[in-house]
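There are structures below to look over.
Shared between the two complexes below is chain A, which pairs with chain B and chain C, respectively.
Let's turn to the complex of A and B:
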């Protein structure tokens, strides 16, 4: 069964994240709480569910995290913009997979992403956004691993 | 007291070749004065979700010349809106916005430069260094009727790469094109160059 594999410039996205990781994580006031990292379920996602979870988590970041985070530093704003627009592009390429019905969502995939939303909702919105931004490397590493044939140019 | 109004920059346009993108505009002229400009951009994300947010360009906020290298700002394959305004002391003009958002997938891709050398019986190629986004598709063959064309993907320019070990006295030909995964496009092929192991590069 063909899998949905999307072409990504991961090198540039990871570079952007490395440039903001320390500054963002320093603002995270709830160090003993995690949003993405607790979801061990991310690592138990089956290959067939990768597309759905990728789509759901891209939407999580694009529709919630980046919007809920307010950034004043132009340097950090630039890098968040770079990641946000790259995620937007990835959503478009995933759209093609959806049209070819390669992006089905099993119950486990839906549960995995709902857990992340639940954790997000348990925190005050700015804190939740900061924490999720700081945990982007968890998501990027998962994308890199699961969309193997497409890592950095 | 009449506040002199600074005209907004006009004729904004983007020239983009091999993933290097430059925004240019017509200079604002005030005799005897030096005008500065500020450039800002919005990716599609900002225009869709945070339209009030404009991001100062990495290198041109402010700048003096009527152009701006926006390569480091255009980092995703989505449409980007760009705007410029002029400043003179405390005076600032209105913003001028690029008529059509720019997407890097419209960049002009030129065939890459290449240098073919031989090291004994080894054919070696060195490709133009166009930056980390570029891969190279090298096609090479022995110049004789019915010769098979071989292909090699080269990940980086600027580094000599061994192509093939050749027989003495045989002429071999090479052509190359670039591929940019970030936009999913490739350039046209370069001119074909041929070389004979003992001889110099032969004209076609």
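Let's turn to the complex of A and C:
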């Protein structure tokens, strides 16, 4: 069964995030709430659903989080833009998978994505954006783990 | 007895030292209190949960570290910890860590290294490092089960020629051939996980001699 694999320079994205991790996470004052970090959501995704969930979460970040976040620091803004560009590239790659019918979305994948959006909606939008940015390491680690040994689709 | 918060400066440099998921919270004493018998209390927080929890074994301690391995053993969760200094009825405000993510931050310890030799080759068998466990009776979890992309940097050094070879491998058995007989070679192995950089823990240097060349000994007879 062919699988959708995406080639991505994870090291560069992780490097960008590491430069903003402490600053962004320090601004997240709601430690008792998580958006991506609940073990049940991401860690229960089946291999067949990885492509769909990756596509959905890339859209979550590109269409909501990066748009909702307002950043004053030019250094942080530069790194967020670098991450956003990497995500746009990954979205293009996944688009090819979709066209080759390698990116099906099961009910579980759709549910998992909706849960994340629901958690996001429960917070004030700026707080939700900061929290989601602070949890990028969870998403990147999940991508790393589920797209290992990747090569261009 | 409640203390007057803020009466003391906070502890400094509070961080987690994590190796193979053994997670030790450590800190420096507050500045300017040399010679004062300060004690400390520690709390921890599971990101996404509701409240801070006391670490009872680290209440009013005089040491500057606290083992939170058991409390932070679910490596896919994230955590915070904080410590405050106490002296008499005075205490500091809490000093808090950043968000600690064991899955991404733990240092990977070296594998166990077994060497066997013959005249011109050295066989190396590696055993993956194990995750910290609370009780020795518990079954061990190899870090390979947690990091399926765990790799090893193997270096072998000829003590006569001072030449070194290195190889990055994922499998745990490898053979270095075409070596010189009757020569002392030293081996160093380091585990690593591709991804965000982590501090590395190299193995102990293990040295072994290749056997004497049997053919030359027969000629001598």
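We adopt the following convention: the second predicted complex is superposed on the first by the 149 of 153 C-alpha atoms of A that agree within 3 Å, B and C clash if a C-alpha of one lies under 4 Å from a C-alpha of the other, contacts with A are read in each partner's own complex, and residues count from 1 in each chain.
One rule holds for everything that comes next: a residue touches a chain if its C-beta (ideal position, glycine included) is under 8 Å from a C-beta of that chain, and two chains touch if they have at least 3 such contacts.
Nothing here was measured: the structure is a model prediction, and the numbers come from that model.
When both complexes are overlaid on chain A, the residue A:22 reaches chain C alone and has no touch with chain B. When the two complexes are overlaid on their common chain A, residue A:10 makes contact with chain C while staying clear of chain B.
In the superposition on chain A, A:62 makes contact with chain B only, while chain C stays out of contact range.
Of the two partner chains placed by superposition, A:123 touches none, neither chain B nor chain C. Applying the stated contact rule after C-alpha superposition, one finds that A:48 touches neither chain B nor chain C.
In the superposed model, A:102 makes contact with neither chain B nor chain C. When the two structures are aligned on the shared chain, A:141 is found in touch with chain C, with no touch to chain B. According to the touch criterion, the shared surface of chain A, contacted by chain B in one complex and chain C in the other, consists of residues 11.
Across the complex, chain A meets chain C through its residues 10-11, 14, 18, 21-22, 25-26, 31-34, 37-39, 43, 134, 137-138, 141, 144-145, 148-149.
In the complex of the two chains, the chain A residues touching chain B come out as 7, 9, 11-12, 16, 62-63, 66-67, 74, 77-78, 81-82, 84-89, 92, 153. Every residue of chain C that touches chain A in the complex is listed here, in rising order: 45, 47-51, 74, 76-78, 80, 98-99, 101, 103-104, 148-149, 194-196. Residues 43-46, 48-50, 53, 55-56, 58, 61, 73, 75-78, 80, 132-135, 180-182, 184 of chain B are the ones touching chain A in the complex.
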